[in-house]
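Structure incoming, see below.
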Amino acid sequence: MVQTKNDSLKHKIYTIVFEAETKAGRTFDIILLFLILLSVLIISIETVPEIVLNYRQYFKTIEWVFTFLFTLEYILRIYSSPRPFRYIFSFFGIVDFLAILPTYLSLFLVGSQYLLVIRILRLLRAARIFKLTQFVNEGQVLTRALRASMAKISVFVGVVLMVVVIVGSIMYIVEGVEHGFTSIPKSIYWAIVTLTTVGYGDIAPGTTFGQILASLLMIMGYGIIAVPTGIVSVELANIDKNTFNSRVCPQCHKEGHAREAKYCSNCGNQLTNLT
Amino acid sequence: MVQTKNDSLKHKIYTIVFEAETKAGRTFDIILLFLILLSVLIISIETVPEIVLNYRQYFKTIEWVFTFLFTLEYILRIYSSPRPFRYIFSFFGIVDFLAILPTYLSLFLVGSQYLLVIRILRLLRAARIFKLTQFVNEGQVLTRALRASMAKISVFVGVVLMVVVIVGSIMYIVEGVEHGFTSIPKSIYWAIVTLTTVGYGDIAPGTTFGQILASLLMIMGYGIIAVPTGIVSVELANIDKNTFNSRVCPQCHKEGHAREAKYCSNCGNQLTNLT
Amino acid sequence: MVQTKNDSLKHKIYTIVFEAETKAGRTFDIILLFLILLSVLIISIETVPEIVLNYRQYFKTIEWVFTFLFTLEYILRIYSSPRPFRYIFSFFGIVDFLAILPTYLSLFLVGSQYLLVIRILRLLRAARIFKLTQFVNEGQVLTRALRASMAKISVFVGVVLMVVVIVGSIMYIVEGVEHGFTSIPKSIYWAIVTLTTVGYGDIAPGTTFGQILASLLMIMGYGIIAVPTGIVSVELANIDKNTFNSRVCPQCHKEGHAREAKYCSNCGNQLTNLT
Amino acid sequence: MVQTKNDSLKHKIYTIVFEAETKAGRTFDIILLFLILLSVLIISIETVPEIVLNYRQYFKTIEWVFTFLFTLEYILRIYSSPRPFRYIFSFFGIVDFLAILPTYLSLFLVGSQYLLVIRILRLLRAARIFKLTQFVNEGQVLTRALRASMAKISVFVGVVLMVVVIVGSIMYIVEGVEHGFTSIPKSIYWAIVTLTTVGYGDIAPGTTFGQILASLLMIMGYGIIAVPTGIVSVELANIDKNTFNSRVCPQCHKEGHAREAKYCSNCGNQLTNLT
């Protein structure tokens, strides 16, 4: 395959912009992360009335600098990508686009204050940091543990939701409008606030029976947190065991043999000893 | 055994309505689940004053559609069940009956608003979803873990209740009526709210000694959550181990082979397949 | 040894009152537990102003019945105990005495309302239930796990207390009197309320810096709950392993050999196989 | 090496002041810990307006006694240290200096009330207690478990922060100023208060959509606490296993003998002793 000078440049940009294996690529990622976080910080501060009052012009200027930099990055990504359309319609491609769109739209639309908050989605771009090698494994382990726990956790969440709806409905009848339980959805909201031990106190039971039922719900919420915790612990321990004893069979290349294994459990070939 | 055409129809309905092994049965269950959740949603929304005001007639019509469908289902269940009376007086039979009763009663009884909330028990019917194969195992594992932990958790809950009653009584004396601790039951309610880390703030200690005691109770509540969590984790890990690792090598009798193992990891002998 | 008729009676009472091995002993314990819980319930309800108003005389009568029964029990315990003084000055002996004292004192002292609350200590007598065989093992396992975790948990609590005192002091300077942080002890109380995720909201940070610091404290409190949980889980798992593999060496009687052990790890004697 | 009398004295002071191996050293540490805690307690109480009013002179006297004792200790530490400058600029050296500085400064600076609160940093000096042998191991185990979990926990905290910022921003738009969500930073603060299940209730959602979103955030916060808990549990279990079970039989090379094992549980061969 013959590479033209242009292709070579494209590939170079690609390794910097999309990958994190080279030194330049890692530096690019870290600078980008820093810019994203700074930009998100400024978007947040921009909504504080006391601060923004006297410095509106400064914020606008900074914002255009960020938008310019992110637009440049977006163009580089499209240019260097081997399949530009695939990138544009990928999750990160859309996020990258939404991250710069609102600023340009604000030129045409007046009063697009809420539109500007969409820029906070820039933060999602920081998720790219997880492609750095030291985080890839950890992220995978957590994701695998959560996926393996998913069915058990679904059953758990299903039961919790049933409890919350039924207790909420009972409280609606017991407590009624005068204690803030104005409707069943609001009572369910209260039940979730209570079961998860958040406890705002914006709605609180006033009758004796209501307080007894609330007490039971609290003790239940306090106790059953043990269930998801136990599920995830066990799955993490399982993955951990398989990961750390990562011996490979020299014949059939099966991975993940137990520590004390002497023969491959897949093909029966003898395994080399652990040091 | 000779099956009449009628028996055959009955059996066919039975496999659809009660079981989830056939495709028709699974489809029936999923449509039913959808209808139940929709119905519960509508019952909830019906109690929101702002919404219901202008659409009372629509809600009534929808409710009668649901009641008609669920009544039809109830009749089909009775008809197809080999032992109708056993079904009628089973847990789910009673729930199915209570799910349709209030709408019919509302024809005769005026002002039966609270009666209508009973329909929320329809949600319990959604528990039938757990008979779908992918959830059966998970549900069983959780149930087994909780049952195995029951004795330990009883001791734990017993100790917690003692702490709550005694701390509540002390707070009643220390804080008194002026800070909202108007009686021992109310003080116990406060102690539960505090120990479970819910913390509404509807009652909060005002004296220095009360705040010190409350602090101790909080730290205790924060720390001892570790106990049920540890109990359930250990039981789940035990069940997990027993479930996945109960194969024995016929030659060297080594136990605990992984699910996908084909050869013994200790002596290299071929293992019998798992079903 | 010659037993007089008196001694025999004494021993019989002893087995009923103090022990739970005989059927009579178990029945006695369960009735006693029921009476204790009923008595505690009545003491609690007695403090609710609306209830007690019209029934003060009934409550007084019921209380004297309870006091009479518990006094009888106390006398039987002293009479049947082989070493009466040892019982009287034991923990449960003192609790038994305090459980009946306040009612008698109320005859002489007027306005001894708060004294009567001491009777709630009767609840501690319910702890005797844990001598019933099904709870003894579970209680021991939990106690052993907590004792084994004690040193690690002390280090943890020490660090937590340091964090709470220092963050509390900083908040006292940052937030000051106008946001409710009137003194360092009160600020430490707030820090405990926050770190343990109770969050009453009676005191809440008002300044930006205070809210940032509070956010850090919350995330910390939310995350480090993992530490005691992990400690207790590991200790429970260890005990569990030792308990379930409870094989005993026939030569040196050492307990707790691992599942796959073939020889005693203490004296080298061959072990019998597990079934 | 010839030791002069002076060197010998220096060394003796060093073993008492810096170390905890001798009896005198341990006694010194415990007295010091007691003085530090007492001093911190007094600094805290000094800020309570009702208490300090009439006893200001007593507090001042006590404070000077503490400052004198801690100054003496500081001088002894500098004198006995083999490398005084290294001590002075070490973490504990600076803390020791900051612990006495404010009292002296208060002679020259009037109104240095907030300066005096710096003395609360004396509490950090209590961290020296962890050099006592019974805590060293426990502290190391916890530190190792937390360090091993660090990468996984970073990923977890990263995801949590993203959720909090994005949910906070949405709530700012949905709820707006009228329900207390006056700016994005304040909304993020609310999201942290909610996700960590603290739930002050100083800001609470008022709209239906806001309450639905808040409910999701609560359930999420309630569930994902399982993740750090699982991570730390697994790491603690790993360390525990490695610490207690790293002996190998010299004959059959079986690993993982219990701490107190004298003979190999696999072949019956005698094991070498643990130090």
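Odds and ends about this structure:
Note that the chains take the letters A, B, C and D in the order they are written out, and that residue 1 is the start of every chain.
Basically, a residue touches a chain if its C-beta (ideal position, glycine included) is under 8 Å from a C-beta of that chain, and two chains touch if they have at least 3 such contacts.
Since we're looking at a predicted model, the values are computed, not measured.
Where the sister copies chain C and chain D meet, the same residue numbers recur on both sides for under half of the interface positions.
Farthest from chain C in terms of Cα centroid separation is A. As a whole-number value, the distance joining the C-alpha centres of chain A and chain B reads 28 Å.
Spacing of chain A relative to chain C, judged by their CA centroids, is 41 angstrom. Looking at chain C, one finds that residues 185-186, 188, 197-201, 221, 225, 229, 231, 233, 237, 260 touch two or more other chains. Chain D makes touch with chain A in their complex at residues 151-152, 154-156, 158, 162, 165-166, 169, 172-173, 182-186, 188, 194, 197-201, 204, 208, 211-212, 214-215, 218-219, 221-223, 225-227, 229-231, 233-234, 237-238, 255. Against chain C, in their complex, chain A makes its touches with residues 197-201, 229, 233. Touching chain B in their complex are the following residues of chain C: 40, 43-49, 114, 117, 120-121, 123-124, 126-127, 129-130, 134-135, 138-139, 141-142, 145-146, 153, 157, 160, 185-186, 188-189, 192-193, 195-202, 221, 225, 228-229, 231-233, 235-237, 240, 260.
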